[in-house]
Structures are given as C-alpha cells and as structure tokens.
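Per-chain residue numbering starts at 1, and chain names A, B, C and D are given in the order in which the chains are listed.
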Amino acid sequence: MNEEKIRQELEDKFSYLKDAVNIKRKGRIFAHVPLGEFNTVFAYAVEKMGFLALSAITGLDRGDGVFEVIYHLNKEGRVLLNLSVMLNKGNPEVNTVTSYCPSADIYERELMDLLGIKVNGLAPGHRYPLTDDWPQGEYPLRKDWKGIIPNKK
Amino acid sequence: MHESGDVKIPIGPQHPALKEPESFLISLRGEKITASSVRLGYNHRGIEKACEERTYTQGLYLIERICGICSHSHSTCFVQAVEEIAGLEVPARAKYIRTLIAELERMHSHLLWLGVAGHEIGFDTLLMYTWRDREVVMDLLAALTGNRVNYGINTIGGVRRDISSKQKEEILRAMDILEDRTKYYIDLAKGEATLIKRLQGVGILSHEDAKKLDAVGPTARASGIERDVRKDDPYAAYAELDFKVVSVNNCDVYGRTLVRLGELMESFNLARQVVRKIPEGPILAKPPRKIPAGEVVSRYEAPRGEDLHYVRSNGTEKPDRVKVRAPTLANIQSVSKMLEDRYLADMPIVIAAIDPCFSCTDRLVALRDAESEKKNTVAWETVRLKGIEWHKNRGTDFTSLNKKLTRLFQHA
Amino acid sequence: MLKAFFHILIFPGLLFLFVFGFFAEYADRKLYARFQNRIGPPWFQPLADFIKLIAKEEIIPEEADVKFFKLMPVLALAASSVAILYIPIWGEQAVFSFNGDVIVVLYLLTIPTFAYFLGGWYSRSVYSMIGAVRSLTQLFAYEVPLFLCILASAMLADTWSLSGMVRFYSQHIGYWFCNIIGFGVALICLLGKLEKVPFDIPEAETEIVAGSFTEYNGRLLAFIRMSFNIETVAGASLLAAVFLPFGLNLPPAAAFLCYLIQVFLIIASISFLRALFARLRLDQMINLCWKYLAPLAFLQVLFNLTLKVVLPR
Amino acid sequence: MSRPGKIARLLMQSIFKKPATLNYPAQKSGMPEGFRGKLKFNALMCIGCKMCMRDCPSGAIEIRKIGEKQFEAEINLAKCIYCGQCVDSCLKKALEITAEFELAKLDPAQLKVILNAGNTENPKG
C-alpha cells in the first residue's frame, strides 16, 4: 500500500482530516487529529489499516500554551504514520493507548513525568524516567521550566 | 505480580550482571522466577532537554554521547533528520563512509555482545577471545575516525574524514581476519554443548508476543520478524548495497545469538561492498547555521534495533525538540515476558540477550542550578582530606605516603 | 610434641600450605589467563591480594549473626589445613595415618562447604542465602560420585588409609590404570567442590553477586580465599595420592618433587577445564552428576570389585 | 554435532602463543595517526574569531586577547571531549590535534592548560 492510498483512506473515512494529512516523503505521513476525535482515528489506524506497531510517542511543548503529542505508528516497519494531537497546557489530558499497543506504557509514563500530561486509564506502576523523590509539579520538558530552585537551609 | 511469600531479590541498580545501573526486582520460589518488574531511569542525564539549549553542531556531539557503543547510530540518525529538514543533499561518498562506519560499529557491537553473553553464562573464555578479536575493529575505527568510541565522523551535511586507498586495504585485511574468527564462533555456537544447553529454550519470546510488544532489531528477528530499517526504509547507501536480513525462528536466546553472528557475516560483506563501490567526490555539503523550521522522523538500524529520532526545528540555530527512542526502550518491555517461568540462573543472559543499553534508554534533565551543585557535590579534595583524617585517627599516616605517590606520578 | 607442632604449623602444616596455596592460586590464574591468550597476573599477585584484603576494614552486616559470620571462614581454613596432615607428600607415609583416614580427609574437605553455607546463611543477605542453599544443593550432587571413586580405589588397594593406598599403588604401578575412569570423575567432582566453572553455581557472579561471600570483606574474605586455595591444594593432593601415586617410593626429596609435579598437573587440568565450559545451571549440574557421574563411579566400583576377585595379589 | 569442550584446541594453541594483552604502563601500543587527543595551538595563526569557542560543545576552550594580534588559548582538558570540532571550525588552521591521550593528573588544577606563542603544546608548571 502506498502513502497516497493511506492518505486517501484517512481523508475518506474522517472528513475532519481533510488537508490535515501530509506526506512528507516516502514512508512518512504526518496527520494532525482534533483532540476529540483522536481515539477513533487511532483505533481505526491500528485495527483497520494495519498500523500495528507503535514506535514511540513524542510529547513536546509548542509554546503558547499548547502541547503536542505525536504517536509514531508503523506498518510492518515500512511506513510511519505520525498522528499528532494538540493539548491545552492548562489541562493536558490524553487517554491511554495501552489497550491497542501494550508497549505504549513506557512512553506514556514519560509524557507524565516530563511534560505533566495526564494519561487517563494507565495502569499503576513505577514512574519513568525521573526519580521517585522528584518534586511535584516540576516538568522538565516544558519550555518555561528553568531548573529547580534548591531549598535554602 | 510479586507475591508476599516469595523471596524477592533486587537485581540492580548495582549488580555484576548489569553493566549499567538499572533495577530489576525478581520474585523467586526456589530457583524459579515467579514475577519480575523493571524500574528504569537511573541513567537519566537530561540529554533531550540539553539539546534544546545547544546549537545543532554542539548537539550532535552530545547526541553521539548518548551511548558509547552505538554512538554512530545516534549521531547518524540525528544528522539525517537535520539534513532532511534543511534539505541538504549529502554527497554520495559521505553516505558510503557513514555506511562503512555503521557496519564497523555493528561488528564491534555484536562481538562485544557475544563476549558479554559468554560472561553472563560464566563462559569467560569466550569473552576474552571475542573481545580480543573485537580489538581489530576498534583499531580500525580509531584509525579511520580518530577515536575508538564516539567516532565523531558525522557532521551535518556529510562526514569529517575521508578514507584513503591505504585504509581501504586495511579494511579488507581486517575483514578477512574477522570473517575467519566469526566463522569459528559460529562453529562454536553450533557445537559447544554447554553453551547450547544454557542458551536453547531460554528467554522465549514468541512471534506473536514480539509483534505485540513491538520488539526491534535482533530480538525481533530471532522471533521470525523480518524487519530491518536498512531494508524497509533505506538510508545512507544501503539502497545500493546487496545484503540479506538475517532472521531465524528459534524465538530464544540461542536464536538471538545466531542472528547476531549471521549479521556479523553480512556486515563483513557490506563493508567489502562499500570499499569496492565507494564513489569519488566531495564528502561534505556546507550546512547553513540556521536550520529552517520543520519536523522530521528519522530512523536508523542500530546494532540493537531500530533507533528513532524526532527532530523539530524552529528556524533558529537550536532545535526546538529532539526526541530519541533508543532500541533498548522498545525491547526492555519484552524482558518480563522472557523471564516468565525461567530459573534465576537464566536471568542474566535473558536480560543480556536484548543487548540492553540503558544509557541509550534514559536521557534527559539535569539540575542546572549552580547553587544546588555546590551544595550537593562534595569536592574530591574534601573527601580525600576526610579519608586521610580518618586513617590518621586509626594510626595510619597517609600524608607522607601521598607525597611519595605524587612525586612518583610527576616523574612518570 | 615439638615435632607435632612443627608439622602442624610449618611443614606440611600452615606455613607450607599458605605458600603452596598462593602458588596454586597463581598457577591457576596464570594458566587460565594463558589459555585465554592473556598475560595473566605477576607471581606476587595472590600475595598482594591477600595483604590488601588483610589490611582492609572489616564490615559486618547489621543483620548478620556476628559469631557465626566471623567463625565460619576460620573454621573452613582450619578444616582444609588439617586434611593435608593425613596425605602423604614426601614419601609413602603421611604425618599422621591410621586405617580409615581417607574417610576423615573426605569429611574434612566437606567441612569448608558447610562453613560457607553457614557463613552465607548467617550473613542474612538474599544473595548469600541463595548462594548458601545452592552450595549445599550442589554438595549433595558431587559428593556421592567423588566418594564412590575414592572408595573404588581404596577397595582395590584393600586399605582405608591413604598411606596404605600410596604404598600399594607405588608397588603395583599397573593397577593405577584401572582407576582411570574414577580419576576423571573425581577431577570433575573436585571442580564442584572448589566451586569453579562449570560448577561455580553457588558464587555465580552474574546472578547472585558472590553467593555466600557477598557480605564478606577484609580479613574474613582473605581467610575465605585462603581456605579456597588450601582446599585446592588439599583436594589436588588427595587426588594425587589416590590416583597418581607415582614416584612416592623414592627418597624424600625426589618423592616430594614428584608430589609437587602431580599437584601441579591436577591444578593445571582444573584451570584447563574451567576455561573450557560455560557455567551450568543448578538443575543441569545435578542432572549431570546423577545421570552420568554417579553411574560412572558405580561402574568403577564394580570394575574394581571384579578386578579384586580376578587378579592375583 | 554438539559436544562439550569444543574450544579445547584453541586453548592449547594459546598456551604457546604470544599473549594478546599488553602489560600496560610498561608496554604501550600507542594510538594510530590522526587520533583525536590533546589540542595544539599555533598562536601566530590565530585571528581571534572565536569560532572554536562558539562551536565547542562543552565550553572547554577560551581564546583571550593578550596583545596586538596576539592571542592565547585556555583549554580545560577536564571539560574537553576531544571531538575536534574546534579544529574543523577554525578558519585559519590555528588549532591542531595530537595523538597524545594520557592526560590524567592528580591535581585538577593542572588540567587547565594555557597555550600561547611561547608554548604551543606543553606549558611548564
């Protein structure tokens, strides 16, 4: 299946993805998905389009109070579908995708630790990658984070 | 899940089986493992955050130092991403040199792994021999790039050093030596009974599980998943080279050993092809200092599996976001599956079989406040004085000894 | 009385054993290194290691039973040192001997294993406890074939004294060849006793750090290492006396030289064997001992019984 | 066919072979030509553009003006990661790398090296 077909299928299936799917080059498809529709699109991509493997999840702070979470899905190692979703910095929340891809667990914990994005439905477990005594409310990958001010004793 | 009746033993953060700090908790009933869990993050150094505050050139050397073994993998993956954003056309010769170093790195990494695997199952002789032979590649890398690890051959837009015809001959000679040795190790792996006894049927990861848990690299290929970025999504010069993806259906540690040995043989082939086919020409396309805005996902087949970098630029000298997904992070999640119902004695080799590199896995964030640094770190001198004082109280005077030692060092 | 003290403290007692123990360790490490194409340690390395450990601070875990923790290394050292007194090393006669001393020597050589077990158990660390249990489990696997092999040899010689066996075998050189299976089996069992690859399961570094000895350090660790060295010497001397007793009917100096050569040969084979294999798993080790070594040892016993009936005295 | 002890022959051969390891401080193997070790500074060629300072990933090098068209370089060997980027960045080839790599010192203060026209490689003290 080539990239154009994938784009066509996504755009046909979800009208709101019109012009949001972008083929950067061979094997790289980027798609911006509205927050409310993300779960449907993700489930469709995994279950119906055969993007079975999750390579990684990238979280980033775009500035201006917007977080972006990018899910790098791949199909038999050949085509990468990067589904991205924008979150509001005031209330960053996504649902877990561990039910589709068990390997998402560690990437979602990374989102929680480094950007402070709440992942709904994630099973309890160790945090990653910060230490257990890392102070509350400190999220290093946010652009406004400038290090921890030590307690003066 | 860990149950209260079982003996729980911590493997790590400091443990002889692990070459890097990472913590596994293992529940035992007798010698059998009933449950296991892993806590990652001990090697967290803040590289991703630090990259945002460095220029692309500076960041490159930092990225290279994510991991000592697969340093070329990370740096190539990163420069590929940056070049793609900047729209730089890398000269063909540079691509071939990158490929050559990549394959040499794969050789040294797989030989290193073979030695470590030998050590984990108490076969130190294998360790000594494979590491002795690994020196051949290390010397070659030092001669070609200027260092044994952290080669620093990549730069944005190409490579920093050319290879001469004399070096080409040296490469071919080294390949012959190594091929000879690797054939011996393949023989050994297929014939040494104690080795087979310890590896076969250990750490099973079925084809389905490997798919479900998104295993990558040799771990996946040993479970019959023929997936290799070099073939699936060719980068550098791989599209023009002829090689096959090694995969077996053993699904166990033995299979992973065979895959790595097979890949070694392929690597020798690839290196020879590179030397034969390398075109003449420039090795560097001059990069702009400011990289235009854009985002790119770059992939690379590191010795341990697929390495993935996501780079977003914002039109300045510094990247906006660099995300590194090292192969170990993808593979580590299958370890619990592999340890199911195995013996404690299999634990080291099962963990080693994914060729874990925890420093690749954990990156990011450091406390940057200078004030806190002063408070938290004790200067070496303070520790030394404290130690001398302590021994003096017990009746040993180290100061005179120390003077002698200092003099000795100064003479040397 | 003075003579007894001389024997116990100097020759062939403690002092000789210390020196020979260091030599055994050196020979083992050097050969092991050479088998692996390495240079290996200089001759004084074992001594330097020993002095370094002796000089170090002693740390005892809070949870450990101090009395047992401290006592066990000394016990192990004592037991393995005593064993040498019953083994003939410069002639056909040992320092002390009586009919049945071969059993005593075997048990004396078992005591260190028990000491390691107790020491590990009472240091109360998970690694030590697992190591301790492993060393005991392993003991039951290799002890039977080892005892059987020595028993077979003793039966052929028709004596229960090591000196008697040496006397018999040096007079009947031909009989030595009858025990060749037993020698092989006993050599492998000795690897288990000394906890060396492929039977270093109780102290498998990559699994349980150092097994029973994880918590030991400083002086106590030095004692443990020393007792291993002496156990190596004693074990090798035992095998030499039972299975390779050539040349011991010569004059004392020549006989002693023969003894040294024999022990060296056995130590060399030990380091060769340990460079040869990967470490087995506990279940594989027990399988090997009971499925192959024990039947072979039985075969040796039966063979020697038959020989005894058939051959003329 | 699998059997135990397959490596035996190799072991026996090794006994009679020269060891592959070196007795390090006494014997040295050296590093190949072009190895990236300690830096060398040709003060006469330096024009003080400070490109090296700008590109240095670890902030190990500092170029200071000490007179009219005269510059000195302070290199912190403890910070230097020996990547050689400064050599590439230098417009005038004032910096060079040498194969010298045994740079350990007991005193960290000695790791700060000031190179100028008087001493290009090894300053005294």
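A few points about this structure:
Please note the rule applied: a residue touches a chain if its C-beta (ideal position, glycine included) is under 8 Å from a C-beta of that chain, and two chains touch if they have at least 3 such contacts.
Since the model is a prediction, treat every value here as computed from it, not as a measurement.
Interface comparison, B-D versus A-B: the pair with the greater number of contacting C-beta pairs is A-B. Taking the mean of the C-alpha atoms as each chain's centre, chain A and chain B sit 26 Å apart. Note on chain placement: the centre of chain C and the centre of chain D lie 50 Å apart, centres being C-alpha means. Note on chain placement: the centre of chain A and the centre of chain C lie 62 Å apart, centres being C-alpha means.
In chain B, 125-126, 129, 132, 192, 194 are the positions where the chain touches two or more neighbouring chains simultaneously.
Residue positions of chain A touching 2 or more other chains: none. Residues of chain C in contact with at least two other chains: 35-38, 275-277.
By the definition given earlier, chain contacts exist for A-B, B-C, B-D, C-D.
The residues of chain D lying in touch with chain C in their complex are 4-5, 7-8, 11, 14-15, 17, 19-23.
Touching chain C in their complex are the following residues of chain B: 7-10, 15-17, 28, 31, 118-126, 128-129, 132, 192, 194-195, 197-198, 343-348. The residues of chain B lying in touch with chain D in their complex are 54-55, 57-62, 64-65, 125-126, 129, 132, 135, 139, 142-143, 146-147, 150, 152, 155, 160-161, 184, 187-188, 190-194, 196, 380, 405-406, 409, 412. Those residues of chain B that touch chain A in the shared complex are 37-41, 44, 46, 48-49, 84, 211-214, 227-229, 232-233, 295-297, 299, 306, 308, 310, 312, 320-321, 323, 325, 329-330, 332-333, 362-365, 367-369, 371-372, 375. The touching residues of chain C, counted against chain D in their complex, run 31, 33-40, 272, 275-277.
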